[in-house]
Amino acid sequence: MKRKRITALGLASVMLMSVTLSACGSGADESRSSDGNIVITVASRYATDVEDEKYYRQKVEEFNKMDNGITVEMDNVATESDYLDKLRTAFANGDTPNVFLEYGGSRTLDYLEADALVDLKPYLEENDSEWYNTFYESLWDQTQYDGYDGIYAVPFKSYMVLLFYNKDLFEQAGLEAPVTIDDMLDACAKFKEMGIKPFQVGEKDNFRFGHFNNNLIIKTLGVDAVDELANRELSYDSDEMINTYKIIEEMVANDYFGENILDTDQYQESEMFLQGDVAMHWDGTWFIPNYLYGSDIYDSIGVVPFPYGDEKYASQAQGGSSDMWYVSKLNKSDEEIEASVEFLKYITSPEYYTGLDEVAQTIYPVKYEKSDNAPENPLLDEALDIYEQVTDMRTDVQNYDPDSRMLDAVRSSLQGLAMGNSAEECAEQIMETVNAGGGE
Amino acid sequence: MKKKVYSKLTIIIFLAPALIMLVAFILYPVCNTIYLSFNEWKGIYGSPVTFVGLKNYIDVLKSDSFWQSMLNSVFFMIGGFCILMPLSFGLALLITSKLRGTKFMKTAFFMPVMLSTTAVALIWVYLLNPSFGAVNQILNTAGLEGLAKDWLSTPGLNIWCVILVNEWMYAGYNMLIFAAGLVSIPSDVYEAAKLDGCTGIKQLRYISIPLSRESFKIFSVLCVTGCLKAFDLVWAMTKGGPNHTSEVPATLLYNEAFTFKYFGKSSSIGVLLLILGIILSVMLNNFFKKED
Amino acid sequence: MRRKVKRIIVYVFAAFWTVMTIFPLLLTLMNSLKDNAEITLGMLSFPTKLLWSNYLSAFSDAHILQAILNSLIFAVSSTVLTIFMGMLAAYILSRKKFIGRNIIYTAFLIGVMVPIHCTIIPISSMATAVHGKNESWFLILVYTAFALPQAIFLFTGYMDGVSKELDDAAKIDGCGEGRLLFNVLMPVCVPIISTEAILAFVAGYGELIFGMILMSDQDKYTIARAMLTFSGSYQISYGPIFACIILAVIPMVVLYLLFHEKVQEGMLTGAIKG
């Protein structure tokens, strides 16, 4: 801390200026609006004109019109990197939003370690766990951390990765939808022979192989392997893991993933699947409302679970909460925290999701009653059937890793496979980051 | 004596506004960066800042990714001096010449900067796309199939594509700097030279270029420092990928801080860039002074 | 004959580079009228049907007119401040000899090389301390601070080239320092001032990161921030993005041409350089 004082001394002039300037600023209590309402800020990425995000903003406006003494100020930044820049800056300065959106894993563990997050367990358990029970049980896993007794987030959106396939093309090839990974590889071979692209992957966005590998791990080694990878009982360069990279390596070598995959982005990938000349596409359940629903190709698309490598793990899947709400207690008053919780209860209520289901249909983390106004969506019903049968889920494998570098390290190394690296080289590259350790 | 005091007062009053801005918005953050570079910090208010001495610097200097990114930065500088400089100067000569249509030309040349990095990146990424883009199609129709490439995903080639797009984009920007110098060369200098039979290339060599020395100096310093901190276009076109092959120091710095939350290490990259920038600028200044 | 060939080469190059730099504008215009599938899979083709709704969503979803107005205000104010403060400082650095001159000059040099991401957190915390979040004046000061070093650098270099005889003549006429700078030197420096005005304006007008970090009210969004409205988690609406770019570029072209006329005028008056 001595060093800090020296720096501070050097900055005396600046300090002086800021102090003078801040003295000029008004001393008004910022957490109160002019009409005496308590003001909370909520940071999210829901800024676009997609239906579910429009619905969110509309519901927040409705919340503000209610006579509950709370005014919510939204701060919505759509792009992930910009949103995170703003959130990280806010955390560094100690003026965080009251409620914010994050994705869990080691990134949010840092906030918890710094004692910046509100434990929501007491609120969730009030009145016989009334609030807690509105959510699907399987999603709570991601909101808790080893060594911390509490629940630090509430799920807002959930997802599961599925395999979408073009029924017309499969019929043309005389094939059934793949059940095992070998089925999938056979189908790829058949399609390639026929001059049809089995996949067209947009690996310019490297989460594409990231998700594929997540599924290979979960479907051949099971969800336990995910936990073992996180606590280093299972190594990223073990034979089991190298086998998962090998599948990708071979699929790349055989051009099963399509042409110029490093130059294709996720949006082009989705559009090309919609054009109808690509046979398969793995994606989250969000693909249904965002791309398929209302498109010309809707009736030709079928959906199956991601193929398994080991039958034992057929009912496990990549999925979970994709978006979660957190409440900050960094420089926040009890009143603001209460108001934040109040807002979260509103925004995760079954009524909220019933209304949402009318405009955007996918799987949601809360049990709600279907409205009569909700449109027919057979593809989603199929997806829901699959979802019901899942016994265990994990989200991104590296999300459970204590080192925040691992997600990027693994995805980049997998991207290397698309550039012609071998499975062994891929493993080696991942291990460089593992061995460098969290370091700090 | 009175005059001296008065003169000092002028110096202080005239410099004060700019200095206050500099100290508050630039030197204070720089000091903060220097301070953090010797510490570890997770970037959360109230979380401990631990002194680690030179560890961050050692980590950075030992990592291959840093040197790879520095190499890409050097490529940026090579591109800056070998392509951007002659190109911008040429364009400046064009728009300050007596040719017809200079008004339209200078608007066109500056258009990429006005359209923003977002548009430029979207368009060039698309043009360079081997599946749909125009670049490979043109090569193929010209019978040069052999030259068609995976422009943005071939290591070693991708950074040069970004550099070329960068030169294309900023040629108009630097053209303005050169043009400002060119227009201030008095026209009688040219007229006198003309009488001596000094026209065309000769005029360029003996008048335009020597009398633009100040512009070249300014360009050089801006180019070197700009190359060291280049971020926007790289981020928009490749995000440093695929597999980190087009990473530059500024993208590393950004990721360390805002993606991985290692603010200490990120700051040490920032400090290294500043030191390098100052050394190179001072060297350039001396180089141009010697020519006096 | 040789002169003619040279002339043709010059014209061909000028035409070539004009085409090279103007086509993105045409592409942007074309794509501002297409839907996503047409853009992602065929950016170079003409729109099959003109989708004016992209402009509608630019107006109604991104409030682009408000954003353009905001960006204009921020960029013009910071440009004016930059030029004013920059000229004052450059005059001293160019005309006065005093201890510490080189240190100050180098300190300004740091300003052109500091990586932006090193400054975000300190500046944002300063904004909180002085109640500058969501305040236009603070953002304008930030833009000014980042444009100033380059301005000072350009102005000082230019003024060094202006003959000191001019100063002496003015001083004999009884000019004070202020009048010398603003009435005598400023007109001579018009080319560089206009140039820097363009550069500072462009930087402020298109800036994203500080506009995003410091401003949260939708009424105060800058253009780049407003355009983020169209890049969501699972989808990007490219059409409206291109529409926003087209709308935003119009005021910029107008200002650019206005200012650059001033640069050319400098040439006509034949500035004094020695």
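In this document, chain identifiers A, B and C correspond to the written order of the chains, with residue numbering beginning at 1 in each.
Here is the rule we use: a residue touches a chain if its C-beta (ideal position, glycine included) is under 8 Å from a C-beta of that chain, and two chains touch if they have at least 3 such contacts.
What you are looking at is a predicted structure, and each value in this text was computed from that prediction instead of being measured.
Asker: Going by the contact rule set out at the top, which chains touch both chain B and chain C?
Answerer: A
Asker: Specify the chain pair with the maximum number of C-beta contact pairs.
Answerer: Chain pair with the maximum contact count: B-C.
Asker: I'd like the Å distance between the centres of chain B and chain C, where a centre is the mean of that chain's Cα atoms.
Answerer: About 15 Å separates the centre of chain B from that of chain C.
Asker: Taking each chain's centre as the mean of its CA atoms, how far is chain A from chain C in angstrom?
Answerer: Going by mean C-alpha positions, chain A sits 37 Å from chain C.
Asker: For chain A, write out the residues touching at least two other chains, lowest number first.
Answerer: Counting only residues that touch two or more other chains, chain A contributes 18, 85, 92-94.
Asker: Would you give the residues of chain B that are in contact with at least 2 other chains, written as numbers and ranges?
Answerer: Residues 24, 27-28, 32, 43, 257-258 of chain B touch two or more partner chains.
Asker: Which residues does chain C have that touch at least 2 chains other than itself?
Answerer: 41, 121, 126
Asker: Which chain C residues qualify as touching chain B in the complex?
Answerer: Within the complex, chain C contacts chain B at residues 3, 6, 10-11, 13-14, 17-18, 20-22, 24-25, 27-28, 41-44, 84-86, 88-89, 91-92, 96, 98, 104, 106-119, 121-123, 126, 141-142, 144-146, 148-150, 152-154, 157-158, 160-161, 177, 191-192, 194-195, 198-199, 202, 206, 224, 227, 238, 241-242, 245, 248-249, 252-253, 256-257, 260, 263-264, 266-267, 270-273.
Asker: Which residues of chain A touch chain B in their complex?
Answerer: Residues of chain A touching chain B: 3-4, 7, 10-11, 13-14, 17-18, 81, 84-85, 88, 91-94, 96, 107, 110-111, 113-116, 203-204, 206, 259-260, 262-264, 330-331, 404-405, 408, 412-413, 415-416, 418-419, 421, 429, 439-440.
Asker: List the residues on chain C that touch chain A in their complex, please.
Answerer: Of all residues in chain C, those touching chain A are 36-37, 40-41, 57, 61, 120-121, 124-126, 128-131, 133, 208-209, 212-213, 216, 225, 228-237.
Asker: Can you list the chain A residues touching chain C in their complex?
Answerer: Chain A reaches chain C through residues 18, 21-22, 25-26, 41, 45, 47-50, 53, 73, 75, 77-80, 82, 85-86, 89-90, 92-95, 267-268, 271-272, 274-275, 284, 286-287, 290-291.
Asker: Under the definition above, what is the set of chain B residues touching chain A in their complex?
Answerer: It is residues 20, 23-24, 27-28, 31-32, 34-35, 38-40, 42-47, 49, 51, 59, 128-131, 150-153, 155, 241-245, 255, 257-265 of chain B that touch chain A.
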